[in-house]
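Sharing a structure below in structure tokens format, with a few things to ask.
Letters are used for the chains, namely A, B, C and D, taken in the order the chains are written, and counting of residues starts over at 1 for each.
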Amino acid sequence: MTKRFGPTTALDDAGIAIADGETHALVGRNGAGKSTLVSILTGLQRPDEGEVRFSGLAAPALADRDAWRRQVACVYQRSTIIPALTVAENLFLNRQAGRGPIRWGPLRKRAADLLERYGVAVDARALAGDLTVEQRQLVEIARALSMGARFIILDEPTAQLDGPAIQRLFERMRALRAEGVTMMYISHHLEEVYEICQSVTVFRDARHVVTAPVAELPHDALVAAMTGEAGGVYRSRRGAGPGGGTARVVLAARELSLAGKYRDISLSVHSGEIVGFAGSGSSGKIGLAETLVGLHRPDTGTVTVNDTPVRDVPSALGAGLGFVPQDRHREGFVPLLSIAENATMTIAHKLGRHGIVAPSRQRARAVRLIGDLDIKTEGPHQPVADLSGGNAQKVVMARALADDPSALVVINPTAGVDVKAKQALLGAVEEAAERGAGAVLVSDELDDLRICDRVLVMFHGRIVKEVPRGWSDHQLVAAMEGVDA
Amino acid sequence: TTNTPAATGGGGGKVGIDHPRADSDFWNSYIKYVPQMAGELKVETLNPTNSQNDVAKLVNNVQTLVGQGARAIVMAPQDTGAIASTLQQLESKQIPVVSVDTRPDTGKVYMVVRADNRAYGTKACEFLGEKLGGKGKVVQLMGALQSVNGRDRAEAFRECMKSKFPGIEVFEEPTEWDGGKAASMLQTRLEAHPDIKGIYMHAGGVHLAPTLQVLKAKSLLVAPEDPKHVFVVSNDGIPQEFDAIRKGEIDATVSQPADLYAKYALFYAKAAMEGKTFQPGPTDHGSTIIQLPNGLEDQLPAPLVTKENVDDKNLWGNTVG
Amino acid sequence: MTSVALRPGVKLARFRDLTLVPVIVLLLVVGAFANPIFLTAGNLTNVLQQQSALALVVLAEALILISGKFDLSLESIVGMAPAVAVMLVVPAASNGFGTELPAALAIPLVLLVGAAVGAFNGFLIVRFQLSAFIVTLAMLIVVHGLHLGWSEGKSLFKVPESILFLGSTTFVGLPVSVWFVIILFALAIVVLRYFRLGRALYAIGGNIDAARAAGIRVDRVLWGVFILGGTLAALAGLLETGRLGGISANQGVGMIFMVFAAAVIGGVSMDGGKGTIFGALTGVLVIGLVENILSLVGVAPEWRQLIYGMIILVSLIISRVVGGKAQD
Amino acid sequence: MTSVALRPGVKLARFRDLTLVPVIVLLLVVGAFANPIFLTAGNLTNVLQQQSALALVVLAEALILISGKFDLSLESIVGMAPAVAVMLVVPAASNGFGTELPAALAIPLVLLVGAAVGAFNGFLIVRFQLSAFIVTLAMLIVVHGLHLGWSEGKSLFKVPESILFLGSTTFVGLPVSVWFVIILFALAIVVLRYFRLGRALYAIGGNIDAARAAGIRVDRVLWGVFILGGTLAALAGLLETGRLGGISANQGVGMIFMVFAAAVIGGVSMDGGKGTIFGALTGVLVIGLVENILSLVGVAPEWRQLIYGMIILVSLIISRVVGGKAQD
């Protein structure tokens, strides 16, 4: 299939063949064309060239949505939840009833059953907009699985999920496979591919590169296929970090509490140190990180950056902090503005006098950041909206690093980014630490946390454990689950 | 005393005309009369403009007309305050202005062609007062607050009622010259006071149809002899009002002379270009010129039309196309 | 994963449709004290009749807003649709076009004209993907321009009986126009609550891509909503013509402000996907009652606008406080 | 990574500000053929002067739209701000309040009143988080209501000289009001392009959460924009008062439709974060030229509205075709 968007070729004579009953992984770097393929396979878009066949039969007409939905169900990368409607209605959207009136009582019952069957602890009557990101994702998955289609596509379903939720999803997928359901699975977490997929297809630069059984494509070979060069897992470049006590404290929190989020948190981050935060969903780690950067005001306690109290975001930035917010689409960047403008937004006051932003200095600074983080773009003037997810995330990181911060707070920096970009992003955090910054890294991904000098585990709003570098996955997960506190 | 405007010799040149609105039946008749009268009086005119009840548009239009070489301007500023500086500019350019229907509050005008709007209110008051025998309740459907005509009619009606018929209670409804508003207000008022026996409406062109419809719905649209009859005096003198008078649905209207407005507007515009001047006093066409601080006003006759004289061929409402 | 007890939140959200109910009660009490006539059946019926055209346009706008779109041109349809239909029917002597189509066609023609304008709006917005706000702003001017041009700015006094009938007859004690409002609102409430088509409007307004992915024929539904909206506005024009006994060149002009005010204080969101038809109806009632009380109390004319605006502002603030959430 | 060649796309986006330039050229040609007066300096100066108040309100609205908000009440400020200021200054005999403040205060008072209304809007929208559309719709009615109430609906024609001066004097061959427009637009273009504050408006309009997370003091900036908007609208009212020599109770009424039409055909998006001040200016020019040509050509009054609306619609379609993207 070939698919072009204006000057961009998203799919270039690329194809995929998925055998009946298998779970087939599709991997590739950001912008490789995976989601585009999904929209074609689910009948949302028509390919410019090429065709889709199900069991050898031609795909339905584009207008016949019902026929498509009988063939294939999908969890799209972008949320298809409607916030103003209840969970129950979202689950049964456009199939609430036949021609007759909707009977809400039985519909809610069906929804509750469905949620229970898939282990989603959400009230079917709740408004979808009131759910957490994770809960919404689970609702989407439950909906796709419940369609009754024999072929299901999951486009990065785990990007927003934590460990236990991922495991629950995998159990469900295994059960479906046992029932003979075919699946296509997209993820940037390559270990997941080995865990639940039988074969894997790699796309690169809009083209098909290879399809093979997972057993025949070991990790390094897979990464090489994706990137076109040899490579491996990201390995921390640094040895043991500096002994905490001696170096200057750049970021400190004293007895922070915020009702419903976290309680009694105290913390000191030293220059050159990377402190990780782990915790399951709703452990309060994100809320805490957002307080450190001034996005929330704690009920009690204080945050200081380089001994300057943090009252709000501007004061935190002024004191020498840089940060990467949780959700790049929501608060990471302004899509219509250029890379240069987004990357320098926090340092605009340093690019000229009297409130002027000198375009030449802005451009120069942006060019440097683009080089440092290896952002794939045609230049600093390109709107961030035109970038792939990983590159957009790099712009967010660039913004955090633009002012050579002495304190860095980074939340889920690698969510939804490809393996190369992940290395660049983690590398950037490490480099900042090497330059003397102290960093807080909050992540749902254990791999990310390996670069940390110590990891603090949160459970139900409290820090329950501190583990030094060299922890084992089991040790950390147990603490996160609250089994070992 | 003569004053000679900078006219091109024997009074040649074109007249620039701005119409105030195209959404009232009274004004639509006036607009129709203008080219007809221009032909009869042999006055050359530029393409008329229309300011849609908006004084800002009126000012723009006058600028445009002057730009096109108008030697005299005929306008009908519905807002009589905000036209002052335009009149000043026209005066400085020695372009005479004839104001139709309304009298600008300040600023020089060559002639105001108008009828005595206070007299409309008084006539309506006297007619209703007599029909009601000096007691009872009446509703006044007023025009817009920012129009001198609306104010003149309302004040004269109010004052006359107070002095001559103190036994009559008057309800005032601000309709903004809008039929929908008039209907709602009248309906509400009739609900509260079913014994209302008289209605004075400021503009038949917009108030007539809704008023009749409300009366009809209340079964009050009955012959004048019937004790349930509500006496209605209208204003403007359009053909539909005459029909209603003939059917006994309303009782009277003031015929505001759309034809004479057009005719004398052009007549004075031509006279101005020819350098003629006028003095206060009676005229040869049955009207009186009065002195204003800022010019002269020719007060054309505006007769009260009732069942007795409704078929009079001299009333413009009986001849308009 | 926490099992969040979201029930109270849900309840509050449902209340949003009812936020104006206390305001209405307050107005009824104030009105009753202000004037003994106020609470009589006759007066309240008048309020309903006077607001029936506004109510239908609010219904149309609410449907369009819930679908995430926008239509300003409805106000011009209120005047233009009946005017054009009447001109097609009446003789040239009564300002007709001279076509003199059978009078029985008058009402179908009105509705057809409204539907046609809605279809054209829908074409430009849905198919041509132009901004709804600005398309319908231009169409507001164009449609009124057609009305002015064809009628030469004249009022139409000679209107077929069938049209007057609708606006001026009563049935079982209520004006026919009020019955129209009651039936159409009831229908809309039921369809939007209990039928897939109705729910599709919420889905489209809430997240158009998601609606498309769920198999809703988004373009067709949206287009249909615009056509329905135009038709309802034309029907409103019909009722208004019947009430006023003629069609002035200004019929409907300026109405759209009140339409939005009613819909939004009634809880319909400008962002789409939120609000109910019942809420919109309470918005209409608030506006109607305020107008009626101002008339009955005889507030000095020059102060009416201010009081009016303040009451809208206060209703808005009340619904913010009761609704709890930031508005969009 | 795909072989992206996005340059042309970007270039095209820049062109969006210029989409109306061909329309303007076309109008100039049409006008020149239609009437020899048209291209004279005198006539074109008139066009500029006549549009100067509109232009300033469009500037205000464009700033607010770019920041992702909305203000309908500006049209009422155009009338109310100068009226209130004048009433505070002139004696009771000329319809003043009787306060008779020194005449020198007239102009500062006008601007202050505009700023105060903007500040109140900002308070309700930014602090109280009410919907901008509906708050400013209510404020449109309230502010005009204050104007009507205080002035008792009468026009004010005894206006301090200082106010008349601004609207009626020329300087180096151009009316002072046109100089105001030129200078303020130039200033706005430069600030929005090259200053941190200006770029902050785009950031806030483009993604308010991201702007906040980038340390932009969003609330403060937005509030400032509303205050600035109110002040500019008051200045527009000042120029209009000077041009007309008095303040009618209708000053500004109905203007907001044209304001939005100008801004949006000029490429300013209703969704925030998009568009330029230069684009908005071209929108104003198109509207001014169309009005002027319709007057000069002497199109029958009843058909003007239609032609007017059609031209807006066509400009819209042209900018859709040239701009290439679906509109919001």
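Here is the rule we go by: contacts are C-beta pairs under 8 Å (C-beta built on N, C-alpha and C of every residue); 3 or more make two chains touch, one makes a residue touch a chain.
All values reported here derive from a predicted model rather than from experimental measurement.
Among the remaining chains, those touching subunit A and also subunit D are C. The mean-CA centres of subunit A and subunit C are about 44 angstrom from one another, to the nearest whole unit.
Centroids built from CA atoms put subunit D at 35 Å from subunit B. With centres taken as mean Cα positions, subunit D sits 29 Å from subunit C. Rounded to a whole number, the gap between the C-alpha centres of subunit A and subunit B is 73 angstrom.
Within subunit D, residues 148, 152-153, 301-302, 304 each touch two or more of the remaining chains. For subunit B, the set of residues touching two or more other chains reads 22, 145. Shared interface positions of subunit A, i.e. residues touching 2 or more other chains, are not present.
Inter-chain contacts occur between A-C, A-D, B-C, B-D, C-D. Against subunit C, the residues of subunit A that register as touching in their complex are 42, 44, 63, 65-66, 68-69, 74, 76, 78-86, 89, 93-94, 96-97, 101-102, 104, 120-123, 125-127, 130-131, 134-135, 138, 165, 281-282. Residues of subunit B that touch subunit C in their complex: 21-25, 27-28, 142, 145, 171-174, 178-180, 183-185, 187-189, 191-192, 205-206, 208-210, 212-213, 216-217, 240.
The touching residues of subunit A, when paired with subunit D in their complex, are 6-10, 12, 29, 31-33, 205-206, 293, 295, 313-314, 316-318, 323, 325, 330-337, 341, 345-346, 348-349, 355-359, 376, 378, 381-383, 386, 388, 399. Subunit B makes touch with subunit D in their complex at residues 19, 22, 31, 46-50, 52-56, 59-61, 63-64, 67-68, 79-89, 105-107, 144-146.
Put simply, subunit C touches subunit D in their complex at residues 128-131, 133-135, 137-146, 148-149, 151-153, 257, 260-261, 264-265, 269-270, 301-310, 312-313, 316-317, 320, 326-328.
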